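Chains here go by letter, A, B, C and D, matching the order in which they are written, and residues are numbered from 1 within each.
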Amino acid sequence: MDTTFLPRAALHLVLLLTCAPLLQGVIGRTKALFAGRTGAPLLQPYFDLARLLRKESVFSRTTTWVFLAGPVVGVAVAILAALLVPFGALPAPIAFTGDLLLFVYLFGLSRFFTVASALDTGSSFEGMGGAREVTFACLAEPTVLFSLIVLAKLAGSLSLTDLLGPHLAAAWSGPAGLSLGLVTVCLLVVLLVENSRIPFDDPNTHLELTMIHEVMVLDHSGPTFALVMYGAALKLMVLGAPLVRLLLPVDTGSWAGDAGVFLAGMLLLAVLVGVIESVMARLRLVRIPQVLIGTTLLAGFALVLVIR
Amino acid sequence: MGWFVAGVLLTAISGVPGFFTTRHGRSGERLACLLVLTGVASAAASVMVTLGAGSPVVLNAPWAVPGGELALRLDPLAALFILPLCLVVGAGSIYGLGYWPQADHPGNGRRFRLFYGLLAASMLLVLAADNSLLFLFAWEVMAVAAFFLVTTEQERAEARRAGFIYLVSAHAGALALFAMFVVLARETGSLHFPTAATLTGGSATLVFLLGLFGFGVKAGLMPLHIWLPPAHAAAPSHASALLSGIVLKTGIYGLLRLTSFFAVIPPWWGWTVLALGIVSGIFGVALALAQHDLKRLLAYHSVENIGIIAIGLGLALLGRSFALPALVLLGTSGALLHVVNHGLFKSLLFFSAGSVVHATGSREIDHYGGLLRRQPWTAVCFLSGAVAICGLPPFNGFVSEWLIYLAAFDVFQGESLTLRLAVLAAPALALIGGLAVACFVKVFGIAFLGEPRTPQAAAVDHDAAPSLRGPMLTLLLACAWIGLLPGTVAPLLQKATTCWAPTVKLASLGGALAPLPLVGAVGWVLLIYLAGLGWWLHRRTRNAPRDVSTWGCGYAAPTVRMQYTASSFADFLVGQFRFGLRTERHGGQIAGIFPPPATFSSHTPDAVLDRALLPGFRQVAHGCSWLRARVQNGLIPTYLLYVALTLVALLIMVAH
Amino acid sequence: MLAALILIPLLLLPLALVLPWYRLRSWLLPLAGALHLLLTVLALGTVADAAPGDWVGLDPLARLVLLVSSPLFFGCALYAVDYLEIRRDRGNRIMVPCLLVFLSALSLAAISRHLGLLWVALESTTLASAPLIYYNRNRHSIEATWKYLLVCSVGIALAMLGLLFTAYAALLGGAPVSLLLDDLLAAGPLLSKPWLHAGFAFLLVGFGTKMGLAPLHTWKPDTYGEAPGLVGALLAGGLTSLAFLAVLRSMQVMAAAGSLPLARSALLALGLLSLLLAALFMMRQNDLKRMLAYSSIEHMGLLAVGVGIGGLATFGALLHMVNNALAKGCLFLSAGNIHRAFASKRLSEVRGALTALPFSGTLFLCAFLAVTGAPPFGMFLSEFTMLRGIFTDGRTWVGLAVVLLLGVVFIGMAASVLDVSQGEPAGREELFTDRFLLVAPPLALLIAVLVLGVYLPEPLRLLLEQAVGQLEGVKP
Amino acid sequence: MTDLSNLCLLLVILINFFALGSARLGACIHAVALQGAVLAVLPLATLGLTGHALFLAAGALALKGGVIPWLLLRAIREVRIRREMEPLIGFVPTLLLGALATAAAFIFADRLPLIAGHQGELFIPTALATLCTGFLLLMSRRKAITQVVGYLILENGIFIFGILLVEAMPLMVEAGILLDLLVAVFVMGIVIGQINREFSSLDTERLSALKE
């Protein structure tokens, strides 16, 4: 632990905790604009969180402490994972060989508890949502690993900070550019799946039967629901960070500069997500596994490109 | 070493005194438990001393049988298997006091404890044996003892069938090992185990194939896993824990020991083990996902975990073939650590499953529900076990899988292009992990959360008794310890790897190669976060109203039958594996506007046993009886004809 | 003293014929057995090896066979007391004398050094055991007896011709024409090969029939299936060992004449065939005792294979002969108890022996484990030693085949035995329960096998070594 | 005296064929008795009037020519069975096979190395031919008694061979052998009686309840 650990960690956390909800706002705004509406203010997510925190929770008599564990783990994991991933050119505060696997498995942990807390309500809808969630996650896992392998092969290291290091700029133009592109696409798909976005899920559908992620949190209210939403926002940002770094591997040299670039990138990503959500329709449920397996194959192809 | 032998003997005879006590008295079982505890304690102590000593402790005494020799050898590799064995056996014997008390099982309790002790002792012997004959001796005793544990409730047809399948497959494996050790002896000229990395034999291929079969059957590598699910389901839970947690590992130990003998490892060995591992891992967990019987499900997860271990072992073997020390170190230590971990958390899971079965009297997951309120301790233990077996931080499962991942990534250090294909182990592991999460969320959610699905689940009134709770918590602590302080086991893994591959120059584990302490540290941070947030949320929602019913999308009168069931939870995911599983679905078709009551059930038979082996054997047996009816046709003239023909044949033979 | 071995049973014979008291007559058997055992032990200790020219005498092989058969007979004799007690309806007027004659003939066969004498003794055992097989007096038993009598007599007749051929080989070779073993061994190389080899073929067929090597085994399932348990034990444990001894004698002659490899390959062929047949025919065998008969064929096959390989394998085979006799005794006796208790030997009707007969059932299960070569029983050691011999000899494929067949045998046997012993007892007559003398002998035999499994006494090892030396044609 | 012995041997072969061909059980048994009697001549013809020879002759005459046939005749009389042979394969094929076997025996015997004394004598071929005949009867006839007859003829063949090797067989052993033969046939007789009681026929094909 060098002396700069604490300030760097602090910067990371500040960026994460403050800016995460903003992304949701941006996505919402983008969609509204596409739909020709004015839309909610950019800071709407903050207001929602504040309102929820002020409210009182109501719990089904079926639920137990596991019901609370879901949101808690979700937020905790997101914050912890943020310490393992570089924000743009800002290196991760905690970086060591193999931290990328920790990164992946932490989200596995949060999924475990999210689904568990959904099942805790005993509602068949939430059970259904949980089943779909784990299915898609299973099918997405190999894609993530393939992409990470490609990046690791390029970086010759097993730490996220090195994986997303300055060498990417050169790599894009190099022979590995194609596989980098494929990897980017795959990671984008994974981002959309993991954050339950169109075309894989519809965050603001109004029919429980069609929901995947949203249906799992039907019973949350007040502070716990605030945690759920906040966790979702953090997750989007944490999972988006590598993508941003991939797409604009710029090193300005100064912390402030790097942070700025990163934030800009995140906002662009949010806009992109918004655009996708606006222009695409939601896939039929049975199609989603096929798409995910397709992405896995893409990632595999990217891997083949780099190891030969 | 004297302590070790004493421990073995004590454990072996632990069940005997019980036969001289009254049929219902508790003294016998208490004495047995005490003997087992002292036995494993002394064995463990001697192993600890060995590890401290550094150089392996050996014992060579004469044994008056042809080729026999009482040769024992305790080295770190064996120690790594013996220590969890001692822990699980000890915990199991305490658990048995509450789970299988003599008072409730006057018929088979004493027999059970006799063979429990025998099994433990023979396994200790297997792990310490340094002579083929002694090894086989202990190996077979182990198999037979385990058979009697499986058929403890031999009045149940299911148990008998399981026992038969187990006994047959165990014996088939043992016969292969007979042949293997004999060929080995032909190479080395003696039945004493050769020293590591010395063997350069002509018939290495034969030895490896025989060994792979013999040990693979015991370890339950797909497609040799046939005996595993029925046996684990039929045995009493602490026997299942022993079977799944430790007995399987003797197969892995055998493979490790065997491969350690050879100076050069052909690449195809590594590839074979790796492929088998991947197949076992993926299909094991997929089959597990499709099960509704709690213990069968756990058994299939053993197949999966053996697969993970095999992946690590395969990578290590490749590392030796291609001379990559880092790969050897990571693969071996990953595999070994996973051996230990699986021993711990699988036993934990079986113990808690036993507590559930004990309380509800059913093994069907769909008969449970809402048990968390009724059995909080059991629920916590099962939950931690589940998190651990899914390889999620901060528990021990993650550490070992993490090491194996690192090994998989490490293949890029090698020059060979074919070797790099081994990196595919990583995505496979990821898939396995994902499926495992799905499966255990299912089990935990359906069994412990929601509302009780059946009257007997609702009627559960007691949590695990202290004699059950103690062992479970011990194992839980062990899991957490390895998960949060992985650095502490690194030296042991290092030593074990060294005595598996003494010729390879190894870096130090836990350094830059695999910073175990940091992993532990992150685990601690996670715990702190969880504690903080959880505390806050608890404070914030302490007096929130808890008397409303779950939101049923406007439906006012939901019943417990409406809850998502285990099969429906798994259905969507299992559907993706239909090509390999061939789940049988019965009913469930509804028609009309006002459909009549309909039932739906799905059942996933074992791909190898139920679909291939049993029908095949039926055919063969039929052919045999046909032939017998022809040859042994009961007519004296025919019989005399045989005599004449034999005579003629022999005359012709001797004429040349 | 050797003469006493033969005479004592014969002396008791008239007693058995005239004694009016049923139970006392039964007790004659243990008496004879005990005396015989005592004398055997003394003889083994004191009597020196036979000198050339003796008609009866001991040598390592003979000692081995005596050592095996005498305790086995004693065990069966003790068992017979209570057995005959519960079979008063059938009486023991025939059983006891026949068993006495059997014992006498058995000892004669074991110690005779004249092949003709050996032949006579063997034929006498056949004749003496025929009435024993007919003990149950029903259609099946009569049929079994007839088959046994005819097939074995024909076989043994062929053996006689084989002896004559051997003698003719001596005649032609200009050696002294005699069937004394020592003369033949001395004549060794002089014997004319064609006659000797042809003679060996006849001998092998003849004694092989008695031993029950496939495809000469045909009488075995019927006989073992219908004979009472103790007779089955005596046949499977004692008689087969004697027949094996006879085969070994002829091998000795072949070895002396320098045609050992030929003899070996012949035995190996028959042995493998027996293993194969036994393995296949044990599948789905619906009759408990017939299943045991096939198991006996399997073990005869193992012996033949072991001797057919030679060296270490022969050592294993001889050790296996000892184990086989003891284990088969236990197996047949306990199976007999189960048969009595359930009044049936159809697997479909026998269930849950462990629960119904705690002692016999357990013994049966353990004996099953013993004969299938599971430690800690002796057969594990002998089979393993045989395998070592086979592989060390470089016959990898033979070894693998043997292993495979052993596996098949295990599957077939386990299926039946587990069905019999486990589960809920169904349809048994309550009148039969374990009695001391019906349980103690098999238990003793089992313990003997157990001891041989964990400890091989030095004298026995030496004896086996010498016997192997004899077979390898090494002049003592 | 070789011509005498050869004559006897020829007679033996003829009797073999008669036994193979005859349809009447009684006749068959008488034939065997005659064969036994003829065999009794052989030792005297070859060995002269030695004690051993006399013993053999006497034994053969008494048992093979007398007692055993009498036992068999008594058996069939007691059990009052039909006197047909009831062959599994017809008489003509049996005869043909018998002829073939005999020819084979002669050829085989020619191939075998013999000591000077036995060159050109009929002993060995006859012995083998008789052996084969016995086997043929055993394998081709149904009735239990016929099988006993076959067994007897088999034994006769061996006896013929044995005459060549009297040195090898001391009296005691010979006695034992003959005794065994007697007892064997005796026991067989008893068993036949029992079979008849159980099955009311001597058809051995009924004796096929035990199979597999």
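One rule holds in what follows: a contact is a pair of C-beta atoms (placed from the backbone, for glycine too) under 8 Å apart; a residue touches a chain by one contact, two chains touch by 3 or more.
These numbers come from a predicted model, not from an experiment.
If you tally contacting C-beta pairs for each pair of chains, A-B comes out on top.
Distance from chain B peaks, on a Cα-centroid basis, for D.
Measuring from the averaged C-alpha position of chain A to that of chain B gives a distance of 36 Å.
Note: centroid distance chain A to chain D, computed from Cα atoms, is 100 Å. A straight line joining the Cα centres of chain A and chain C is 78 Å long. One finds 31 Å separating the Cα centroids of chain C and chain D. In chain D, the residues that reach two or more other chains under the touch definition are 135, 138, 147, 204, 207-210, 212.
Within chain B, the positions touching two or more other chains are listed as 625, 628, 632, 634, 636, 640. Residue positions of chain C touching 2 or more other chains: 146-147, 150, 154, 198, 221-222, 281. Touching chain pairs in this entry, ordered by label, are A-B, B-C, B-D, C-D. Across the complex, chain C meets chain D through its residues 114, 116-117, 119-120, 123-124, 127, 130-131, 134, 138-140, 142-147, 149-150, 153-154, 157, 160-161, 163-164, 167-168, 170-172, 177-179, 192, 194-195, 198, 221-222, 225-226, 281, 285, 290.
Those residues of chain B whose C-beta lies close enough to touch chain C in the complex are 64-68, 133, 136-137, 140-141, 143-144, 151, 154-155, 157, 160, 163-164, 167-168, 171-172, 175-176, 178-179, 182-183, 185-186, 203, 206, 617, 620-622, 624-625, 627-628, 631-632, 634, 636, 638-640, 642-643, 645-647, 650-651, 653-655. Considering their complex, residues 369-370, 372-373, 383, 386-387, 390-393, 398, 402, 405-406, 409, 412, 417, 420-421, 423, 426-431, 433-435, 437-438, 440-441, 444-446, 449-451, 512-515, 518-519, 522, 525-526, 529-530, 533-534, 537-538, 540-541, 544-553, 558, 560, 562-564, 568-573, 576 of chain B touch chain A. Residues 56-64, 66, 68-69, 71-73, 75-77, 79-80, 83-84, 94, 96-99, 101-102, 104-106, 108-109, 111-112, 115-116, 118-128, 130-132, 134-135, 137-142, 144-146, 149, 152-153, 156, 158, 208, 218-219, 222-224, 227, 289, 296, 300, 303, 307-308 of chain A touch chain B in their complex.
For chain D in complex with chain C, the residues that touch the partner chain are 112-115, 131, 135, 138, 144, 147, 151, 154-155, 157-158, 161-162, 164-165, 167-170, 172-173, 176-177, 180, 183-184, 187-188, 191, 194-195, 198-199, 204, 207-210, 212.
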